[in-house]
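A single structure is presented below for examination.
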Amino acid sequence: MNGNELLTLAGRLATQEISADEFLQLAAKEVGQPEYATVDLARAQRCGFPEVIFGEGKTAEIISEIAARLLADDQRMLATRIDPEKAALLAAEFPAARYNETSRTLRVDPTSDSRESIGHVAVITAGTSDLPVAEEARETLDWMGVRATMVHDVGVAGPHRLPERLAEFAEADALVVVAGMEGALASVVGGYVSCPVFAVPTSVGYGANLGGLSALLAMLNSCASNVAVVNINAGFKAGYLAGLVATRRSR
Amino acid sequence: MNGNELLTLAGRLATQEISADEFLQLAAKEVGQPEYATVDLARAQRCGFPEVIFGEGKTAEIISEIAARLLADDQRMLATRIDPEKAALLAAEFPAARYNETSRTLRVDPTSDSRESIGHVAVITAGTSDLPVAEEARETLDWMGVRATMVHDVGVAGPHRLPERLAEFAEADALVVVAGMEGALASVVGGYVSCPVFAVPTSVGYGANLGGLSALLAMLNSCASNVAVVNINAGFKAGYLAGLVATRRSR
Amino acid sequence: MNGNELLTLAGRLATQEISADEFLQLAAKEVGQPEYATVDLARAQRCGFPEVIFGEGKTAEIISEIAARLLADDQRMLATRIDPEKAALLAAEFPAARYNETSRTLRVDPTSDSRESIGHVAVITAGTSDLPVAEEARETLDWMGVRATMVHDVGVAGPHRLPERLAEFAEADALVVVAGMEGALASVVGGYVSCPVFAVPTSVGYGANLGGLSALLAMLNSCASNVAVVNINAGFKAGYLAGLVATRRSR
Amino acid sequence: MNGNELLTLAGRLATQEISADEFLQLAAKEVGQPEYATVDLARAQRCGFPEVIFGEGKTAEIISEIAARLLADDQRMLATRIDPEKAALLAAEFPAARYNETSRTLRVDPTSDSRESIGHVAVITAGTSDLPVAEEARETLDWMGVRATMVHDVGVAGPHRLPERLAEFAEADALVVVAGMEGALASVVGGYVSCPVFAVPTSVGYGANLGGLSALLAMLNSCASNVAVVNINAGFKAGYLAGLVATRRSR
Amino acid sequence: MNGNELLTLAGRLATQEISADEFLQLAAKEVGQPEYATVDLARAQRCGFPEVIFGEGKTAEIISEIAARLLADDQRMLATRIDPEKAALLAAEFPAARYNETSRTLRVDPTSDSRESIGHVAVITAGTSDLPVAEEARETLDWMGVRATMVHDVGVAGPHRLPERLAEFAEADALVVVAGMEGALASVVGGYVSCPVFAVPTSVGYGANLGGLSALLAMLNSCASNVAVVNINAGFKAGYLAGLVATRRSR
Amino acid sequence: MNGNELLTLAGRLATQEISADEFLQLAAKEVGQPEYATVDLARAQRCGFPEVIFGEGKTAEIISEIAARLLADDQRMLATRIDPEKAALLAAEFPAARYNETSRTLRVDPTSDSRESIGHVAVITAGTSDLPVAEEARETLDWMGVRATMVHDVGVAGPHRLPERLAEFAEADALVVVAGMEGALASVVGGYVSCPVFAVPTSVGYGANLGGLSALLAMLNSCASNVAVVNINAGFKAGYLAGLVATRRSR
Amino acid sequence: MNGNELLTLAGRLATQEISADEFLQLAAKEVGQPEYATVDLARAQRCGFPEVIFGEGKTAEIISEIAARLLADDQRMLATRIDPEKAALLAAEFPAARYNETSRTLRVDPTSDSRESIGHVAVITAGTSDLPVAEEARETLDWMGVRATMVHDVGVAGPHRLPERLAEFAEADALVVVAGMEGALASVVGGYVSCPVFAVPTSVGYGANLGGLSALLAMLNSCASNVAVVNINAGFKAGYLAGLVATRRSR
Amino acid sequence: MNGNELLTLAGRLATQEISADEFLQLAAKEVGQPEYATVDLARAQRCGFPEVIFGEGKTAEIISEIAARLLADDQRMLATRIDPEKAALLAAEFPAARYNETSRTLRVDPTSDSRESIGHVAVITAGTSDLPVAEEARETLDWMGVRATMVHDVGVAGPHRLPERLAEFAEADALVVVAGMEGALASVVGGYVSCPVFAVPTSVGYGANLGGLSALLAMLNSCASNVAVVNINAGFKAGYLAGLVATRRSR
């Protein structure tokens, strides 16, 4: 690409005629840049579930291409961290796509309605701001075919709230606990149950919450023996791990 | 929600016809998403004061709903971290609401003018930039019915300023000290008085202030025995704690 | 001091005939080093309670000297962070001294038995390893003349333990909560009561507990509004603050 | 306790006639200090397995007392972080105790030989220095009645070693991966299997390993979806979580 | 410059008629501010390759001036961290310039097509998001005259991908490994080869990736002996170091 | 202020008719909020130089008010961290004001041209991006009446550059060294001279520069005995300290 | 192992008749614990040099076993981090072993005297305390058959020292720079040469050196393009990398 | 050195017949290890004062050798961080040596009594535990020939103490402020004076003092313009910098 072509494209970028993403893709095409992403179609076989698309940092075009290959291979598709703009573009291409605005996940999952659900996982949140992360876990469980129950807004500042709802998760195969701030809910929940608890620290809070590191550290130091931890805001990972436990029983 | 509906909403978001918050709420309604927030009406009984609404990360609609329930139960309402836009929306719904632009707090507190104040707390700041956090503490104290005195801009770089104003807080039941940068004011104040001091580190400063962590650490290491610490910028918490001490005496 | 004298002393140090502390004091005396510590006798007047001796890094001799001056002025003496060796030395000089081996505090407090206790503070621990820090708080409260109740080993991993004992601290003027690991107990306790909670993170735990920093951060981010925090293992400070609240009512 | 008694005990401590632990216990007895530890006998019912004793910071005497109560209730006993000296003392009291020198765990587990094992967990280590942590996990699994396979010294620096041993853990219900330094083994193992992986960072390494924090961070950021993390050196916790997954299937 | 002139310029800045950069340059010219940058023309002699322009924080005008001096001295020019807008401005001045949109590098390198390439370096990425950093390394190698091979998207979550492509870098003189998240790829690659590996941590990831610090720490703790590390996202530096190794053989 | 008034103002803010600053000030006036800033006119007497205005976080209106009081008292005015927009507003009020666009400082200093300069300080930078911080130091020195020499772009990557310019600062009373990235320049300069060196770390760099913390730590660990350190980007402080040393000689 | 046996062994440990290492090994043997370490004999083929034994955390017995296998396969042996006690034990078994007390390395390297050296690497230290780390690098180079030159004590506080010795490393194939405190030497050396520089931060220093982290961060942010970094005190790794570059030329 | 010799030496080390230092030196001599330390005799000329010996990590033998060379060149000798054992050894060789047990400094300074002192520096401490660091500063000033005043134990917890002693340092050329815990004293002192303040954070404190980092951060963020900072516990550096300012006036 010579300087003149660049000037034209950069001009369109400067006038906001095209977005930075579009700029990058147009420029990439023109110089014949080869494709970079590869799809791991064998993962469903090797790991039990198809590859999941992490949408952050990928253009709608790339996501669309990966999705197309998964669907062509009859695999169900789940994409996480999809913002509404990308979702709109993808929905235009995949009319069967369902987008969850809260969790920012997009699924094309033709057989989901006819599948019978396996096992049971409860997703528990400390406060309303933890909802997007919890929804990402719930969507993941749904995509895996696991029955998911939501228990919301039972943080420890109102200590009567959690015991009232014990019955909803006493028989679950695994729990996902989503909490920011001091992350104490994971330990409290862990003390009530006999199944594994996958704790997700969130970046909810301010000041010394250090973007979620404080909750993360608290959860790692939980005095409850059955609490394992995943990355900050990693709703998908916690849902996936809980789903693996829940589906394992049926094997 | 199918792809077409999403496209329409996302388009309105893209053209900034609706905000991200509105987008989320409209989408949530359409899919019949149940409400998530619960109001802890028993807190006034259990903890002495009604639940306070932490406004960050909540939409005006959710805040409005919680406020309505509190008021319906004849409880006084305090909401913190309310930006001017949300305040305007809420003021339209609650004509009796009073918004403090500096502290970004909103109150609907019908009996505040007729209440007699209890106890005395002084709120002391190091510099003018610490004002918003100090005002959040002051509003909280006012809402609790505690007399609050403000002593501003008495940071240690001008060492004569604090002693001149000792008389204003010598008889207080508790103090709130708000300071950023090196946070030295908390220790200095602590040395002069016999009551508890609740220190609030602020994110005021630059470079190695680490967003307020440096002041926080300094306050935790205070050589004064009567200094307790709350989170960075947590004006509400410090005001609330000081208010608990001040109102305790009248029980 | 010339080289020869040094040789003799260093030789005695090398053969462990004298300790490092003794070495330092002998050497200091010989060169006529003036005394450094000053006693703030006016503190009892200014701050309500006498100066407390922080024993770490001070020799038994210096502690003894400060203690003597306080007692000569008819003030009650409390020294913290006193190891058993120093305690034995001090007990020899002050036969009325009482040493608490767990809290490592030493008191000479002639009027303690005849004083009537004022107010009520409960000191609550998560686990048995938190005991030394809790005892430091309790001793401090006792020295202040405040009635102190101990509620031990009620960490959140056994969630039924705390509610069973609510009655013991429901009417307290202030609480001290001592916890290591994830420090969740402070938030849980805070949700149950209407009085100020002074949370003390301890260094109990391992790995990512970061010597108590994880518990400290969790407590600072507590979702309960009535939780203030002091330094890691700072049992004295928390006890002192709670005692200020409790004694305040009687003024 | 008056000063004279203290002098005697401290003298015995100073001459190393008694240890610091013994000193503390003797002193505590003399002053009639009540017992602090409580045993959560209901945990086996509530959480599926009896309470486990965390030995660090507890004297042999306290451990012995808790153990006695568990055994009297016909529960199997597992104590972790027991150093050889404490183990010798406890072995004298519980002749049926079995001590593992590498993992520093002690068990009194009368029915262990007659129990049939349930499920299968593989414990995988990166290097020989990770062995003590891995053994703690293995002992825990054995105590839970789960069959545990050990796959040692398959760190990524020798990339051919892991694939050669895939067959040994391909069918496991869950994996425990123990690794220090850069902790890469967890991600590599995670990519090969379809079951949950519980990753334990160890403090093995030097310099920028930050006592295990570097491995911990790496594991939390694992690109493999099935990797959950526990605290540094927390072999017990990882073993317990994996054991919960393995025993779940048989319910 | 008096206040009036400032008002005019600031007005143009406020109305976005001119950018902040332009504002600064116009103002600087008016007040006769001397030039600050000096060009190290002797570096090609001293260090083997000409000075490279680090574009971040430099205006297009300054970059243009340095470039002109290098070209006037018959040295090949490489500028890194050039955003599209600056690239467009520079392309207008240097028609022979070639801009790489992905790596954000700009080169004016008249002899590049006629040079014969020396040595061989492979640049290996863990995922598609690591591409921009890898491209910066590849452009640097190309500018140095070294043959560069790209091996993309072979992260450890798909463990079969790397071995399949070993042949492409088995004979390389040095490797550049670009990876974010847990950065495990550097260790795995290091175990397969006998040449130096220059590892570049990237800021790809979220939460506890700490902006790339987690990958950086992992790479520094690599158990492979042949892994050296450069700064986060420092594609240029890794490419340059690998290029020094590759060109060294031909001396 | 009632809800209606708020609505109007918030509406003007929403439509960007007024800025957030203006909003705050208008609202503050309406509710009769008292002024908060106080001017320390006695500082010139006590500390040798008048109070300097730290402009960050202060509105133009507040800065203007402080400036007016200083000038009314015949003191020279220096304001730092003034962005161009505020500068334009202030220039309109103080026609004698001189604004430095690079250092973002504003001065009203009537006697500066007629003052004779005292002492000599050299300000040395590692690279062109360190210029704004260096200029802040230079403006401060000029305001103090100290002769300031600039030595630019002599970072250690070009090791011949510094020795060539030694003569320019060999006789200085004090030095200010401004450097980002690894901050090595401070140590190298310190080794050449016999006067105090005030080192200013800057946030110049990327990745593991941690926003200037890496340079700060390096400077604190300098092996040169004559290097003292100030906060990140604190050009004013370094200039002020160097100026105190330089003006001291003339007393 | 039953309790009685444990008592005996623990008794011998308690009386210091046997060391902790010996205790562990005796206990391990008795219970028939299988061997854990495996030797990667194929590494010499795959990676160019035999496996190197990292001695820290390994008993003399294990090291001896690995060494024996390497020597039986006619491979030269290098062990790092060997303390004098272990060295004495190993020297008794391998009479041909040569121990370097400063670097704490042990070699059995029969052909080292008859080998012709290949290439040239200079190892440069900032101060005398960096010597042990530098010697580890030198021993590694010697074991690889590379000529190694030492340039000691040329830290930047004495800026004339380095230029005087440039001739000694101007023609080297690669450099190893070993420095603690602010680590500035790596950048300064990097600016003088055209070959790769492998920088080793050391833990030399105090206070804010953070155990070597400050030097590590400085080196990662080096403004010199040819500086790569290894872990703190990782003399072996830097020597090995430099040796790979030096031996590469002769292939 | 062959294995047998090593065995003998290691045996003596094991039986504690010789120390680790002696072991190292004996071993080093035997293998003919060349000397490493060089003395920078030109520093007195270049930097105004002779080189100072940093004793930590150096054997008494090496210190002795450097000292001998300085004295042979008629330069006054100062060595810091000398523990009593080394001091005894050195005192035997240099009968004129004076050792300060508190500051752990050793001087051989023949002309110190006959020199007239120049300038005036006050060294101010917050508490008695800060004394060793303050004494290091005072010894350094004395060695430089500067009059040093000590103002002890004036920490901010007793706010009346500092103002009472202002007269003692109001006219000083520079101040050294030594403080641990929250380090607030530096800012308070800075507000009272017009000269430069060199602040030394100390590691005095516990818990969240982070070994002195909290005080260091507080001092770097000081709101007083005249506060510069040195490394934790760096009494020498602060004394040296203050001495440079004080001696400068007399030039």
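The first chain written gets the first letter, and so on, giving A, B, C, D, E, F, G and H; residue counts start at 1 in each chain.
We adopt the following convention: contacts are C-beta pairs under 8 Å (C-beta built on N, C-alpha and C of every residue); 3 or more make two chains touch, one makes a residue touch a chain.
None of these values were measured; they are calculated from a predicted model.
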item	value
Contact-graph separation of chain D and chain H, given in steps at minimum	2
Shortest path length from chain A to chain G (each step joins two touching chains)	2
Fraction-based call for chain H against chain G, same above half, different below	different
Centroid comparison with chain E (C-alpha atoms), farthest chain	C
Selected pair, out of F-H, G-H or E-G, that shares over half of its residue contact pairs with A-B	G-H
Centre-to-centre distance between chain C and chain B (centres being mean Cα positions), rounded to whole Å	32
Between chain H and chain A, distance of the C-alpha-averaged centres to the nearest whole Å	56
Contacts with two or more other chains, residues of chain D listed in rising order	158, 191-192, 207-209, 213, 216, 220-221, 225, 231
Pairs of chains in contact (touch as defined earlier), listed by label	A-B, A-C, A-D, A-E, B-C, B-F, B-H, C-D, C-H, D-E, D-G, E-F, E-G, F-G, F-H, G-H
For the chain G and chain E complex, residues of the former touching the latter	46-49, 52, 173, 191-196, 198, 216, 220-221, 225-231, 236-238, 240-241, 244-245, 248-249, 251
Chain H to chain G touching residues, read off their complex	1-4, 6-7, 9-11, 13-14, 23-24, 27-28, 31, 33, 36-38, 40, 42-43, 56-58, 62, 201, 203, 211-213, 216, 231-234
Interfacial residue positions of chain D with respect to chain G in the complex	84-85, 87-88, 91-92, 94-99, 101-102, 128-129, 131, 152-153, 158, 160-161, 204, 206-209
Touch list for chain E against partner chain D, complex	126-127, 155-159, 163, 181-184, 187-188, 190-192, 205, 207-210, 213-215, 217-225
